[in-house]
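What follows is a short report on a single structure.
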Amino acid sequence: MNIIRSTFGALLAGSLLASASVAAEGAQAGKKVIFLGADDICEYCAVYNDQIRKLAAEKGIDLEVVTNKFDPAQQATQVDQAIAKRPDAILLWTIDGTALFPAMRKVQRADIPLLLTDVQPDKAREDLWVQYTGGNYEEQGSKSAQLLINALEAKGKPLEGGVIMITGIVGQAQTISMTKGFTETLADLAPNLEILGAQPGNWDTGTSTQAAAGLFTKYGDEIVGVYAAEDIMMQGVLIAAERAGLDPTEMAMVGGGCEPVGIKNIKAGLQYGTVLQSPVDEATYAVQSIVDLFNGAEMSKSVYVPHPMVTAENVDEVCQPWPTN
Amino acid sequence: MSAATLSRTSGFGGLFAPARVQATVIQIATVVMFLAACAFIENFASASNISSILYAASTVGIAAVGLASVTISGNLFALSLGSTAAFASIVYIAASGWGVLPALAASVALGLVFGLLQGLVVGWLRCNAIISTIAAGSLIAGLATWVSDGRTVLAEGGPSWLGSGTLIPGVPWQAVLFLLIVIVGEVLMQRTRAGWELRLRGTNPDAAELAGLRVTRMVVLSYVLAGAGAAIAGALIAAQSGTGNLRVGADLDFSAIAAMLVGGVAIGGGRGRIIDVASGTLFLAVLTNILLVNNFAYEVQLMVKGLAVLVAVTAGALLARKKR
Amino acid sequence: MSAPILSARGLKKSYGGVRALRGMDIDLAEGEIHGLCGENGAGKSTLVKILGGLVEPDEGELGIGGMQVELGTPVDPALLSIVHQELSIIPHLSVLDNVMLGARDVGRIYRRGPFRAHVRQVLDSVGLEHVSLDVQAETLPLAERQLIEIARGIARGARVLLLDEPTATLSDGEIEKVFAVMRRLKAEQGTTIVIISHRLNEIFALTDRVTVLRSGQHVMTANTAELTNARLVEAMIGHELQTGEIAPSQAREGVAPRLSLTGWSLPGRFASLELDVQPGQIVSLVGQLGSGADTLLESLAGLHPARGALSLDGKAATPRGIAEAYAAGIAYVSEDRAKRGVFLEAAIGTNLVSQILDRVSRNGWMVSSDVRERATQLAQNFAIDPARLPHDVSTLSGGNQQKVSLGKAAALGPRLLLLNEPTRGVDIGARAEIYAQLRRLAEADGLTILFYSTDLEEVLDASDRIVTFYRGAMVRDALRPQMDADAILHDILHGPDTPNTEAAA
Amino acid sequence: MKTLAENPLLALRWLLLLGMAVIFTAANSYFPAAGNIFALGESFALLGLVALGLALTILAGEFDLSGGAMVAVSGLIMLKCGADNAVLGLLAALAFGGLVGLFNGIVTLKLGVSSLVTTLGVMILLSGFAVWLEGGQAINFENYDLTDAFNMDWFGVLSPRSVITIVLFVVTGLMLAFTRMGRDIIAAGSHRKAAGMAGADVRGAVVTTFVLSGLFAALAGALLAITLGRASSTFGANLLLQGASAAILGGVALSGGVGRPFGVAIGVLVLAVLNNGLGLIGASSPAILLLNGGVLLIAVLAGGAPATWLRARLA
């Protein structure tokens, strides 16, 4: 936290300054790319935004960052705006998984190459974009299920009993995919583990605390494992468990993201593990995607960032602390 | 007791006077609902579940008490509570190295300053109350984003007594703080000159002005209290989780408004007491907890909450009319 | 008598436990002017609202123009139209729209053109020649809004026109114009007019017949010509009443003035004036709207930034705001009781002490014994039932609300009390009580009282000294015994006698 | 100077609008480009309809908090009922919006309580209903012909949505100025009791504004769903506060009876241009929040004591 970090001018047009051209090699240098991303109010997004600005500048890409307060309607108009500016490419973080197909069609008709990041829409429409780089939410959910089973095994518990889920905001594409991946894998690998209840934690610690507290009251000792889609929500689950007098080390506590608070909890032994999704990785992949595009490299439709399972054993090697500036 | 001698709330009949009937009904409903849940829902009466209800009620309730001073003084409501709480959560965690009380004091100071500025804009410069607080909410959120750079701040060390300590099992310190604030608020509002002036201002702003009451000061005061309430709520949320970020207090504005209105505070000003805010908050917290404990789907929870607001207000209006 | 144009039978209406009307019959003849008298709470307003279809009675029948009317649904304004006591003028609509509001002959698409000429003519007839049709009503003074409301009733061409205290806010000159229109409507169009008024002289001057209500019941209907003032009052209150008039006290020699104004002026509102008033004197400021008399009163309370010097008991005390006025010992009672005078939704006791909170509190904490004591004492002084102290002011009648408003100001223990329309909308009985209380304050405490009123009866009944105004300038300053109604009317309508003044132009 | 003296807020809106247009054009040459004007029109269409409905209820002395939540619900209804037949979906969404408006109006009038309270309940209820309708699924719209039709542009700048919105603004303006209902709406908001006594159709006026507010919000939601090809319970979350800001910025007084659709349109434009321009120059999140707050603060100061002081000085 640095209060006097930037002047108001830099604040207003941070992206323009950040993209001041640095001598860089490759066909991408000097190309104009518009990145339509998410607002800094979400920490993950803030790290991603900082990172992509930095990496693009290194590569000499003229990157313009436009953020969005998780409002698909606003993002659709931002796509219109971006097309009007005739950039060499558009990099799009679709706030809502599928809301932007019509807007993507406009980009296609305008003959502007479209790259996607972070949120992967329905693959049936992948003719609309050149490449997706980023997380695979269904895989993340699936890995979380796997990790939960590993945790029970590691603790020497049978694969039976109840599991509760704390999900993201209801209706979001990520939430839908992660939930799907988790439930399907769990049903496949451990049919005797029953999902007792699921409540949204809205990517927020406080909401997750209340939601988990309710489920702990209802199911109490029946619960052998908890899946929270994000580490900051697992933090809420841990608080609720402590209040309910439950020992988190006795349960399979699985989060997601390998966020700073998750690293802390894993090291403290309160949380068994998490599944990595790093904003640094995602931003790096996205910039690579831009570089590949302009250098005529072969582009596969989907490139996923790695989602290794993380436990106390490998947390230090896998999870890099999020950079601050 | 001056409040009792000069208002219709005295005596048993006063509880059901038109102006008080909604508040009384909600108080009874809260108790009945609570007892029924204790009897019929397994584990509901457990210490951990009671404390979970109290944690949820304390944060929203403290913000709602502050907000109520704005409403009772006749300025409808403030929409800057959420961002004030978010900023306060960040300040609390950043300052938590100094200890719990200094960190709490730092957050409250922040809330006081933001409240004071809004109070001056609304009270002294006589600007539109709603838009001023929407503008303030946006400005505060902007400052908080700038200062925090969007990052979650984590507390050093383990949980503090304010975050997870209890007086007795089931009664967290946060609930004690809430109770204290309600009592102090109630006494200030009913028994002090400033409280009387604030309520009279809400009843009739023009008459209060012509009666020479200190209306500007009262309006400023109400926003200062609202800012402080929101900041304490933010600090408490931060203390619970050991984290502070911009998402804290995302639903605080409308939760606090709903709690206050359900409790029987009139949106038009002048009517309602601080204890009503507490009972409205507890009513919604118990209701939410019952739904959560029974694992009702999120959509059902929302719809029941919406219905509760509608029914409480409808019943209040109908009963008040019948009494007339 | 030919078949009545309006005939009501057995109207009953209760609000909760209160029986507002207990079986009321009334017949109105075509083309008569009919006075409706009764104290506040007698049921006049309820009757009017039932006749207009705004309130549904519990029982009863109503026929207008030979047709049975469905009770509780608004009556066609072309048949019966009401001019309400509370202003029903919409601030944000134009004068034209206000006059046309509620008319039934306006289509869904509202074409204003065809109505302009007619509305213009009606406005001219009530003395609003100078008011444009397109100006927003909120920009007009209270009296002009009342005239627009009367114009609305007239413009609808109703066969029955009900006027509920139409003159309460009007000056005498305006009242004369309105009455002239009423007489013309009756003569030329055979309109039946019902008028409710507390000003009995109006009843005698205008009406053909009078109906008196008391406690929700019909007491009598009589030809006005056969009535005396005393008989009418007796019918209204059920017993004889000493008039409200109070013997004026004389100015005393050699007593230093309480209030002194030197060079007191407000450019554009009133010209520089000098005025000395002794302790214990009750002075009325009289003038038509725009004469500056009301503005003068308000300026003494610091509500307008006047120039010049104001001193109290020889000490300079020019207030620059209402709070300074109170601190200096000047109290003010507003004419707009509901909006600025009292806190309707707060307890009577709270209201009574609301201006002396600093005196019933210690270090910011209210002292309950002091509150109770002061409130009870004030209630007794102003003839308010102390048992009702915990009840809201809104539960009181207009007269009792006004007593609360006065008590609240008197609680300050001021040296100078300023009253704006001290008894507007207050019935005869309560009026007498208020005048008596003012006199007690003046005599016992040596309080100086200045009031502004548009009610000639009130001016003559309650003052020791009368100061008249015309177009922003003082015309005459005389003791009550030297003044009568004709003199006052002459002053406020025509100004000073000198033929060459501006006023004559 | 005369206008500024008479109504500082009115003049300020224009100053803000023109000032921003000049600054943004100078900062980014794409601001006046056809494609950007088109994008501006789309923002105007969504916020405009919600703000217009809200403004009507404020004009009649009420306040409809449920507009934002209605956008989410109506979008979901549009796509769920209109999967095969878009017209059916649109009609269903509009019917639902109208009925909720009717409910809001009738409950508010019957209870005689502030509509802030009743519509707060309805707002929470509707958000729950939206999540229920969605049922944890992504609701998409496969009729891309219709979507394309709504995304086409006329003369490069106007979309069907913005044209529909402009037409509704004009119609609403005409309705208020030249119909009996319009006059009664202003009367009901300006002085409710007086309007009733004068014989204006107060109940009809109040219910009409709520129904229109519900209809406009439902239309905004349905059209949004068509153009995005998607509906979600998370849509419309920011619209309530923005709509209220736009209406009041547009000169609508919370006390009722004051304000006209034309002013509201300008208020909506101020916010739309501000956010469009900030997005275009790539302003950072804190800058966007601070400038939004700043513009509202300027607008609010123009309605307060500083403006009165200024007016006195200039008059």
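Letters A, B, C and D mark the chains as written, and numbering starts fresh at 1 in each.
Note that in this section a residue touches a chain if its C-beta (ideal position, glycine included) is under 8 Å from a C-beta of that chain, and two chains touch if they have at least 3 such contacts.
Given the structure is predicted, the values throughout are model-derived calculations rather than measurements.
By count of C-beta pairs in contact, B-D exceeds the other of the chain pairs B-D and C-D.
The mean-CA centres of chain B and chain D are about 29 angstrom from one another, to the nearest whole unit. Centre-to-centre separation between chain A and chain C, using Cα means, comes to 71 Å.
As a whole-number value, the distance joining the C-alpha centres of chain B and chain C reads 44 Å. Chain contacts: chain D has residues 131, 285-288, 290 touching two or more partner chains.
The set of chain C residues that touch two or more partner chains is empty.
In chain A, the positions touching at least two other chains are 11, 39-41, 170.
Counting only pairs that meet the touch rule, the chains in contact are A-B, A-D, B-C, B-D, C-D. If you check the complex, the residues on chain A that touch chain D are 8, 11-16, 39-41, 64-67, 69-74, 76-78, 80-81, 83-85, 96-103, 105-106, 122, 169-173, 176, 179. On the side of chain D, the complex with chain B involves touching residues 107, 111-114, 116-118, 120-132, 241, 244-245, 248-249, 254, 285-294, 296-297, 299-301, 303-306, 308.
Partner chain C is touched in their complex by these residues of chain B: 1-3, 5-8, 10, 19, 191-194, 196-197, 199-200, 203-204, 206-213, 270-271, 324. Interface of chain C with chain D (complex): residues 54, 74, 77, 82, 84, 86-93, 97-98, 101-103, 106-111, 152. Residues 1-3, 5-6, 11, 39-43, 45-47, 49-50, 170, 196-197, 199-200, 202-207, 209-211, 213-218, 220, 232, 235-236, 239-240, 242-245, 259-261, 264, 322, 324-325 of chain A are the ones touching chain B in the complex.
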